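Presented sequentially are two complexes of chain A, the first with chain B as partner and the second with chain C.
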Partner chain A sequence: MARAVTQQRKIANTALAWGIGFLIFFPILWTILTSFKTEAQAIADPPIFLGFDWTLANYEAVLERSNYGRFLWNSIVIAGGSTILGILIAVPAAWSMAFVPGKRTKDILLWMLSTKMLPAVGVLYPIYLLCIQFGVLDSKIALVIILMLINLPIIVWMLYTYFREIPGEILEAARMDGASLREEVLYVLTPMAIPGIASTLLLNFILAWNEAFWTLNLTAAKAAPLTAFIASYSSPEGLFYAKLSAASTMAIAPILILGWFSQKQLVSGLTFGAVK
Partner chain B sequence: MFCKNSVYAATALSLMAGGAFAETITIATVNNGDMIRMQGYTDKFTEETGHEVEWVTLEENVLRQRVTTDISTKGGSFDIMTIGMYETPIWGANGWLVPLDDLSEEYDVEDILPAMRDGLSHDGTLYAAPFYGESSMIMYRKDLMEKAGMEMPKDPTWEFIREAAAAMTDRENDINGICLRGKAGWGEGGALITAMSNSFGARWFDEDWNAQFDSEAWADTLNFYKGMMDESGPSGYASNGFNENLSLFQQGKCGMWIDATVAASFVTNPEDSTVADQVGFALAPDNGLGKRSNWLWAWALAIPAGTQKEDAAREFIEWATSKEYIQLVAENEGWANVPPGARKSLYENPDYQEVPFAQMTLDSILSADPQNSTVEPTPYVGVQFAAIPEFAGIATDVSQEFSAAYAGQQTVEEALEKAQDLTNDAMEAAGYR
Partner chain C sequence: MGQIKLNQVSKSFGDVQVIPPLDLTIEDGEFTVFVGPSGCGKSTLLRLIAGLEDITDGHIEIDGTDATNVPPAKRGLAMVFQSYALYPHMSVRKNIAFPMKMAGLPADEQNRRIEAAAKALNLTDYLDRRPGQLSGGQRQRVAIGRAIVREPSAFLFDEPLSNLDAALRVGMRLEISELHKRLATTMIYVTHDQVEAMTMADKIVVLRAGFIEQVGSPLELYHRPCNEFVAGFIGSPKMNLIKGAEADKRGAPTIGIRPEHIDVSTSAGDWQGKVGVAEHLGSDTFLHVHGVDGCDPMTVRVDGELPVKHGDTIFLTPQAEKLHRFDAQGLRIE
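This part shows the complex of A and B:
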């Protein structure tokens, strides 16, 4: 009897999880479906779910009008560069906060997080003027640095949480065996925290990929990533929903594929330490 | 041998010289049909001049924020900006734009429609060349009007429109007598209600910059709008903008739609519209007070002051807004697809006169006067806006209050009261009062 109840509960939980998953994924699915419709079908009321003539015309139109490859490359460089740079700075920072905390470590952590509370538009002009001053407006390097700084608090916080789960004794043992600080971080701590670092990398790559305030405001023709590519298909005067959906699908496809293949690492990293 | 080398050297030098004059210009523009079409013809410009063009296409509101940041900080990201009638006189007055006062003779600046030229000038100096212009007009279903036993006059009154809307409404068949913008935003519902208020004798400010939302004319405007839309408008009209109404009209769910003249080419295109062969046009309504409720807008090309490529930018503007460009588009895509509303000569062209909405578009544009848009005098220029930097922010807040009233979240009186207070507060803070 007990087994039957457990079985039923299992089925109910699974159904619920799939239901919620489908609900979350539905807007993305709808965007993908719309990208294969004509503009007239895209706005049809009642909406057409699957019974339409599938067309690739929107993708052809988007590829003909925009240089997708350039936008994609810029996104990869900006998201990848800012994430890697962020990790390089955050690993030593999180190490020191986790293993040799000072009196003010907690305050520093909170202060770092507080920088996320300022609305980005509040510093648009100072950052814009700085970019002009340094001649880096519409350049990938400016965005790599800015997105790194924006995501750094999250990276440090995530790594700090993972590092705290690693027993300090192991590092102490390494030190007793004569490991230098660099060796301790590189050969003992980092391999143990690989799942945490991997999920931090992935999550921040996704955050940087989707960032749409600075990437739109600091770029023009040269460094514009996929967020600008999507924005070029949105219009308040004209129905371009099907083309906009095609552009959106092309913009999210790489990150969706990356997320699909790395979901195990992502989930294990995000739940790291949760069942200790 | 010497001779041969000299020829090579001369050729190389001339190529280098040619290369020195060929520039790459960056143009920021909006995503709409005419602008995208222009991008497709860029190769022709490059062929003719040697200049390369890089496009930055953005959604209208994103573009507005992006170019404002750049021009106010002298960022220099763009050599040409696509801006509207609202920004041009303000930016021109600030010295942010290069005056377009020495355009070539062949360009024929006199051919630009006077309403457009006035709206894109400051103190008589042209600061942006119109790529296309628009006003607003009534688009209506001839079959539904006939079924209702009524006939649309060329220049109807608001009373007639309300009556016709009620007669055309058929809730069972999902047909709404009238579709109008109600969405918050100064360029969305704000534009419609401001243009409409002009025909009711309302104005945003008196001569001393005092808000006028406590006037009877504004109460009449809003009560009329809400009454008519509640009777004959689509459900959820408070959140409908241009695209939502276009979609409804194309699917045969609107008897009438008063909106931008550029919509005429969409609703008469059989590929997208189910009612393409049933659409008639009329001037935007009035109330017998001498002002109609149509607006005036232009998307225009301007050169930000400080660009290093002013000559190449000027060449592009002359090319893109020329009579020859219109001819080029007509030859390749037909007269219905040329950028409308900018040049007089287009409307004198017999081929263009055959386009069903051509004359009504011109009449609508000609009947809008940005210098004198209201019944009572005002200190501002503009039909559906007041050309002052503070307007966009204030009007967005005001239109949010209005949309809340349309949606039934507050009364019209409450919305007007809040609009009055917030406008006066903002104008006081900005030093106008």
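This part shows the complex of A and C:
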């Protein structure tokens, strides 16, 4: 028998979920609202929620002062490039780990994940020096490679979990049916794993888009993505909140829209394995 | 053609030897069944023949040519898996066409073979469905269809019926037997169900712990099991094995008598016992008789009309010419 859930319980749970959802979303909402305020209203005490004079002046000022298009393009190249490069490396890696595991496969997976626990700042110096050595400081190619390496463990893990769900017998059947390794991956494995590959792509793109430590430390002007664009509006004195909010809104808008349209994919990707 | 020959083939996983070196020849057109308890190595042996596992030592010959290092795709064998292993993203038509597509057959030839296979397997109305929209029996037929369109030199079946319900299993058993009669292609069939082995096979290979215990026709195995293991494994219900004084009296450490080879009387006989459980199947009744020295309970098969019930005292006499005798090592004494 299904567990009985009373009507009140349902309402309370729904209200609680909406409350938590609102709490999580509030900082973003507040940023967006602040971006439409004047600088004075932005720091008003008590804060003004909706009853302010809506203005686009901050956006005009930001667009006038900075070349938003260039930052946006850099973000797209860095996030997109590192994601595609990562997938190309991770698909064969995950394939071999899922379908022809060796004695050390589990260890390698855990070791890869453990690299995510290292504080990034610990390797800032060596990587900074390497960038200088190779003359790629403040270049998109350096960030594409570094962000790809940083997110590679997550991509491999996600694809690995997806591939594990594909019964090995189906791939064996393809082999018996005369498929070569290339045909097996092309006609059988990839079509079956497309939902998994798509959500991995999306999540990794978002992670790379939001990455701030390396993008801030290894870029100056040429390769600076939107994270650097936001940072250029924060001042130590905490002034110009409205303009900072406008810049932040513009930086997160593309990814927010992408996330909104692909939320179904993302959720199924992140909870994959847990529900089956 | 489809003769398969194993020469001293062995398989180890790490330090564990699952198939000790064995020799086996499967003749062209033969329906061979590998049977044994779970973990006996029968599926591994099939996968070695398929090429899905590498053999550790020895040689496999298919049609007289060494296939030991030939990849599965090139061995010309077709396999039907226990889980059916259909491609879930393809329609039934595409599933059946896949091996022909891989072989590069022209489209009209592909269609001709698909139509023929679909007709033979009653799948014509389902060609445009996905595997997920089919029942278990239909899926199994698609898997068989995918195997026959290739016109392989041999079919390999890995417990193909164990995911089906009992009624469907009997029907599919017949269909596979008829398919074999029609195609006359070599078939190797793995099962743990001795009924499937007995009803379908030309030749049964009984395996235990990787060793071949006996190879023979179903009736050879039934009438002349070479050891106690085969005696107990082939036949349903199991042969009664009797040790002790009753066996010594008949000149062997262990004697065996099948439930259907025991005469029952209410007045006199060699052994006396009390009926425990009586399983009434209608046509027959299986009695589990307690109190017989050296074999408790003893299973006896009697006519379904015989009025016996729990607690009755009955007398049992084994048919002397149907007795099997085994030595201390469990081997048959002639």
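Note that the second predicted complex is superposed on the first by the 262 of 276 C-alpha atoms of A that agree within 3 Å, B and C clash if a C-alpha of one lies under 4 Å from a C-alpha of the other, contacts with A are read in each partner's own complex, and residues count from 1 in each chain.
We take it that a residue touches a chain if its C-beta (ideal position, glycine included) is under 8 Å from a C-beta of that chain, and two chains touch if they have at least 3 such contacts.
Given the structure is predicted, the values throughout are model-derived calculations rather than measurements.
Partners chain B and chain C fit side by side in the overlay (superposition on chain A).
Residue contacts after overlaying the shared chain place A:M176 against chain C, while chain B stays out of touching range.
Counted by residues of chain A touched, the larger count belongs to B, out of chain B and chain C.
Once chain A of one complex is fitted onto chain A of the other, the partner contacts of A:E60 are absent, as it touches neither chain B nor chain C. Residue contacts after overlaying the shared chain place A:L124 against chain B, while chain C stays out of touching range. In the superposition on chain A, A:A224 makes contact with chain B only, while chain C stays out of contact range. Annotation: superposed on chain A, chain B and chain C show a minimal Cα-Cα gap of 51 Å.
On the side of chain A, the complex with chain C involves touching residues 167, 169-170, 172-180, 183, 187-188, 191-192.
Within the complex, the chain B residues that touch chain A are 26, 28, 30-33, 36, 39, 54-62, 65-66, 69-70, 73-78, 187-188, 241-243, 246-247, 250-251, 253, 260, 262, 266, 271-272.
Chain C contributes residues 50, 52, 71-74, 77-79, 81-83, 85-89, 98-99, 102-103, 146, 150 to its touches with chain A in the complex.
Interface of chain A with chain B (complex): residues 39-40, 43-45, 65, 124-125, 128-129, 131-132, 137-138, 216-217, 220-221, 224, 228, 231-240.
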